[in-house]
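By letter and in written order, the chains are A, B, C and D; residue numbering begins at 1 in each of them.
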Amino acid sequence: MTDSPMTRHVTADIDLDVTAPGKIVYQIAVARAPGLTVDENLTLTLDGSPLTPHEVVGVAGSRFHVVEPATTGKLLLSYQATVTGRADAPEADEAQLIEYLRPSRYAESDKLAAIAFREFGHLSSTEELLGGIAAWVGGHLSYVSGSSDPIDGSVDTYLLGQGVCRDYAHLVVAFLRGRDIPARLVAVYAPGLDPMDFHAVAEAYVDGRWRVVDGTLLAPRSTLLRIATGRDAADTAFLDNFGGGIRFNGATVTATVDGALPSDDPRTLVTLG
Amino acid sequence: MTDSPMTRHVTADIDLDVTAPGKIVYQIAVARAPGLTVDENLTLTLDGSPLTPHEVVGVAGSRFHVVEPATTGKLLLSYQATVTGRADAPEADEAQLIEYLRPSRYAESDKLAAIAFREFGHLSSTEELLGGIAAWVGGHLSYVSGSSDPIDGSVDTYLLGQGVCRDYAHLVVAFLRGRDIPARLVAVYAPGLDPMDFHAVAEAYVDGRWRVVDGTLLAPRSTLLRIATGRDAADTAFLDNFGGGIRFNGATVTATVDGALPSDDPRTLVTLG
Amino acid sequence: MTDSPMTRHVTADIDLDVTAPGKIVYQIAVARAPGLTVDENLTLTLDGSPLTPHEVVGVAGSRFHVVEPATTGKLLLSYQATVTGRADAPEADEAQLIEYLRPSRYAESDKLAAIAFREFGHLSSTEELLGGIAAWVGGHLSYVSGSSDPIDGSVDTYLLGQGVCRDYAHLVVAFLRGRDIPARLVAVYAPGLDPMDFHAVAEAYVDGRWRVVDGTLLAPRSTLLRIATGRDAADTAFLDNFGGGIRFNGATVTATVDGALPSDDPRTLVTLG
Amino acid sequence: MTDSPMTRHVTADIDLDVTAPGKIVYQIAVARAPGLTVDENLTLTLDGSPLTPHEVVGVAGSRFHVVEPATTGKLLLSYQATVTGRADAPEADEAQLIEYLRPSRYAESDKLAAIAFREFGHLSSTEELLGGIAAWVGGHLSYVSGSSDPIDGSVDTYLLGQGVCRDYAHLVVAFLRGRDIPARLVAVYAPGLDPMDFHAVAEAYVDGRWRVVDGTLLAPRSTLLRIATGRDAADTAFLDNFGGGIRFNGATVTATVDGALPSDDPRTLVTLG
């Protein structure tokens, strides 16, 4: 991890067919944060004609881009950003800290509380819990593409013993909440991820700061770039469709950092920047 | 429903034993809202000695009262409020409206979307959907005390066909979200409820306003008084314990309105005031 | 449907790699039944060398073919049968009829009992129930290849509104049991099925006889040929592996009937022959 | 454990109101088994008038007593048996051994297979597995009356970490099957059980014999007396009602053995006698 100025380049291209007009919500833009300078461009076209999305700002600088195409057609989103600097540590308000202790759709900490106690009840400090839970999830799950469904949550992942990045993160979040540590999911751009895609990690509130937990160890934490933040994948989906119909044809993502990719030591605490 | 000044009186008394010190969070106070004048008193004692809770304000004026007792002992909360006037219609910010479209822990709208489409796909206006869903839930569930567990959600309720007020509200919320209407859960004081207790209803965003939906028809909607607001019961619990141990000995709730209890016509749209 | 002699030809070829020696159980042979003349051939080879399976007879003439290969290697099963005549109506012993009223792994009739009552409680005769349930399942599910996982049961299918033949049959079975009609799953060869594969249907005990229910309407019932019979897909899997490891490379199935494929009228009661 | 002749005395009294006539199935009689001499009496009365049940014999000597009362009324069953000797070891047919490897409604071994592998994958002999699984279940579950619902299965029990005898037995059965050991549930009379009630244990097929596994350690295994045998509690319920309505008012059970209650060493293998 480096404290010197850092430059990251990210892109996302999303190809949809709108089969029935409705409201389409993207969450793909880099989250606003003090400390970051973002030079970005977002274009949307429907059958080649430009559409202007409406931007809504959510939790932790998350940005929704909302469009309501009037007709069916091919909807292409193209986003590029060059990001300089590191984000300041995200703030935590008290009401949010209570909210992030609670069970959520895909991180059912109420169902996993007994297991969290059994596995981690002997760890008393939040820092030990963070490390213990990350190591457990990394050691007990196998990363298997296609092993989970969109409706699967942390209980399914725990039972199956397999998952992808969102499943790892959900299980980390559920265990942390089960041990009374506020925890949430963050969708990120992840330089170094292979194969490249959107990535998801957990964020835990430890000793007054939000810290990144990534049981997959697939990309260095210090160069991750926040997109969306929420209770779980229900909040951080890069694409949602309400009241219409879409056919998803694919997404292409890139993320790089200027200079060498940093190394990452899982034993250290890292704040998303 | 009346537009004239209205006076409501509510009380809550909660009796706990703290078996291991931790953080205890109450959500029992009347939510802050423009239009309401609240004259209230909240006292907390641990083995007879007063404790001062810390107040945190959350969504829609919700108030958490947080205490961290240093020792074990009997923890008694006593709350009384006299409330004059009606709350202004709650505001809706765009990010929240997106949040309340998403599945949550106990209102798994993703799992119930196909059924919501099958049952309500023929209803096109949000107002019809609101009425249709409320009537369906009221007509298809039986109110059976003790029929649900704290970890049960809307899918369990749907399958069982039984529940209590929170289960009715969760199923309403899940169906509404499944039909792309923002919906949330509200814990309320409910004059006229019998047997008297905390009550839970759904709130749906229809034509620019939050409207109350109560499939149970157990209390008139116009005199309900908002306590807590959130995605589902995970957010609106009147009592939570983090990192310690408690034994819950019981809660006593009262809620009355000066003058005659109003009547309620389920076909009308009512805003929580 | 014809009562004249009928000749059916079926084949199954299954290609596995044994990655760790264990016990492998096939259920692919035509079930033994009075009234059927079966001229068949089953060969098994491990890396080209013949293996002799051990045959175990189960419920309703089901036949397991069990091998315990001593080494890893490519295990090929090849089965061909020419079947003349029709099976006599299967017998029903009283203990089985009780067993087939009970919930099972993938036909959780206890969880769907309230819905079965709500949807079919007005139908009083077993014959009406059979028709009503078959029509409901055929009308409310969409046949979508790949829509279900091996661990999905009738509740998942009901919620999703999609499935393949085993899911249709599980939901039929669960609803029938929920209305107190003994019901079970049957794996069959299905002349006319397109794309050709193993097929699964339900069997319901109505007025003293086992009757076929196939919500998919994908093949005429009168020419289906019984392979395996049981409570649900846990009992009728064409391939199981215990204590070893296998990689499944594919199965090829054929099933034809001499002469024209008969038509099928879903309103008639048909016994598997 | 003694090999000398043994005399056990058991009784069951069941009090129901028949609210709508249907078919009522009891499984409370001592299972038939070579080696046992049973002197028994079973009476059934509806509003004081005797009813004669119909007996159906099921798996492993299980006996169903079936009545179809023509009217509503109070239905009282009273059963007393004096049993001399020990049952011979139960037989195992090959088809059953395959059946008892499969997942069932309340012992979803397919869902728990990954966990069974993780926890017990290092144990290679069936005898070690039996001991290891029994010790794990006994050590990780807490016996809590009322902690489970009738629709709860082994996954629910595993997650909750609590249960009653049937839940312990379901989890043992699911883990055993997950490690490829045939396993089943047995409802028993249990001299020494406190509080006295019907009891449930697991039976595992180890080195050619069915062996009793009781994670609860609540009664000596050598004096347990088999009632019903099956895949899980769906098969061994002491009372079922099909097509009618009943209100269950209570059951009283007694079970004693002449002479001193034997001790039990969980490290030994015991066959149900």
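We adopt the following convention: a contact is a pair of C-beta atoms (placed from the backbone, for glycine too) under 8 Å apart; a residue touches a chain by one contact, two chains touch by 3 or more.
From a predicted model like this one, the values you see are computed outputs, not experimental measurements.
Novice: When subunit A touches subunit B, do the two copies use mostly the same residue numbers, with over half shared, or different ones?
Specialist: Copies use mostly the same positions to touch.
Novice: Distance between subunit B and subunit C based on Cα centroids, please, to the nearest Å.
Specialist: That gives a centre separation of 48 Å.
Novice: Could you put a whole-Å number on the gap between the CA centroids of subunit A and subunit B?
Specialist: Those two chain centres are 30 Å apart.
Novice: Quick one: report the Å distance separating subunit B from subunit D, using the average Cα coordinate of each chain.
Specialist: Roughly 43 Å separates the two chain centres.
Novice: For subunit A, what residues touch not just one other chain but two or more?
Specialist: 111
Novice: What is the shape of the graph in which nodes denote protein chains and edges denote touching chain pairs (line, ring, star, complete, other)?
Specialist: Its topology is that of a ring.
Novice: Under the stated touch criterion, can you name all the chain pairs that qualify?
Specialist: A-B, A-D, B-C, C-D
Novice: What part of subunit B is in contact with subunit C in the complex they form?
Specialist: So the residues of subunit B in touch with subunit C come to 111-112, 114-115, 118, 140, 155, 159-162.
Novice: Going by the contact rule at the top, pick out the subunit D residues touching subunit C in the complex.
Specialist: Those residues of subunit D that touch subunit C are 22-23, 25, 56-59, 62, 64, 66, 94-95, 98-99, 101-105, 108, 110-111, 150-151, 180, 230-231, 234-235, 240, 242-243.
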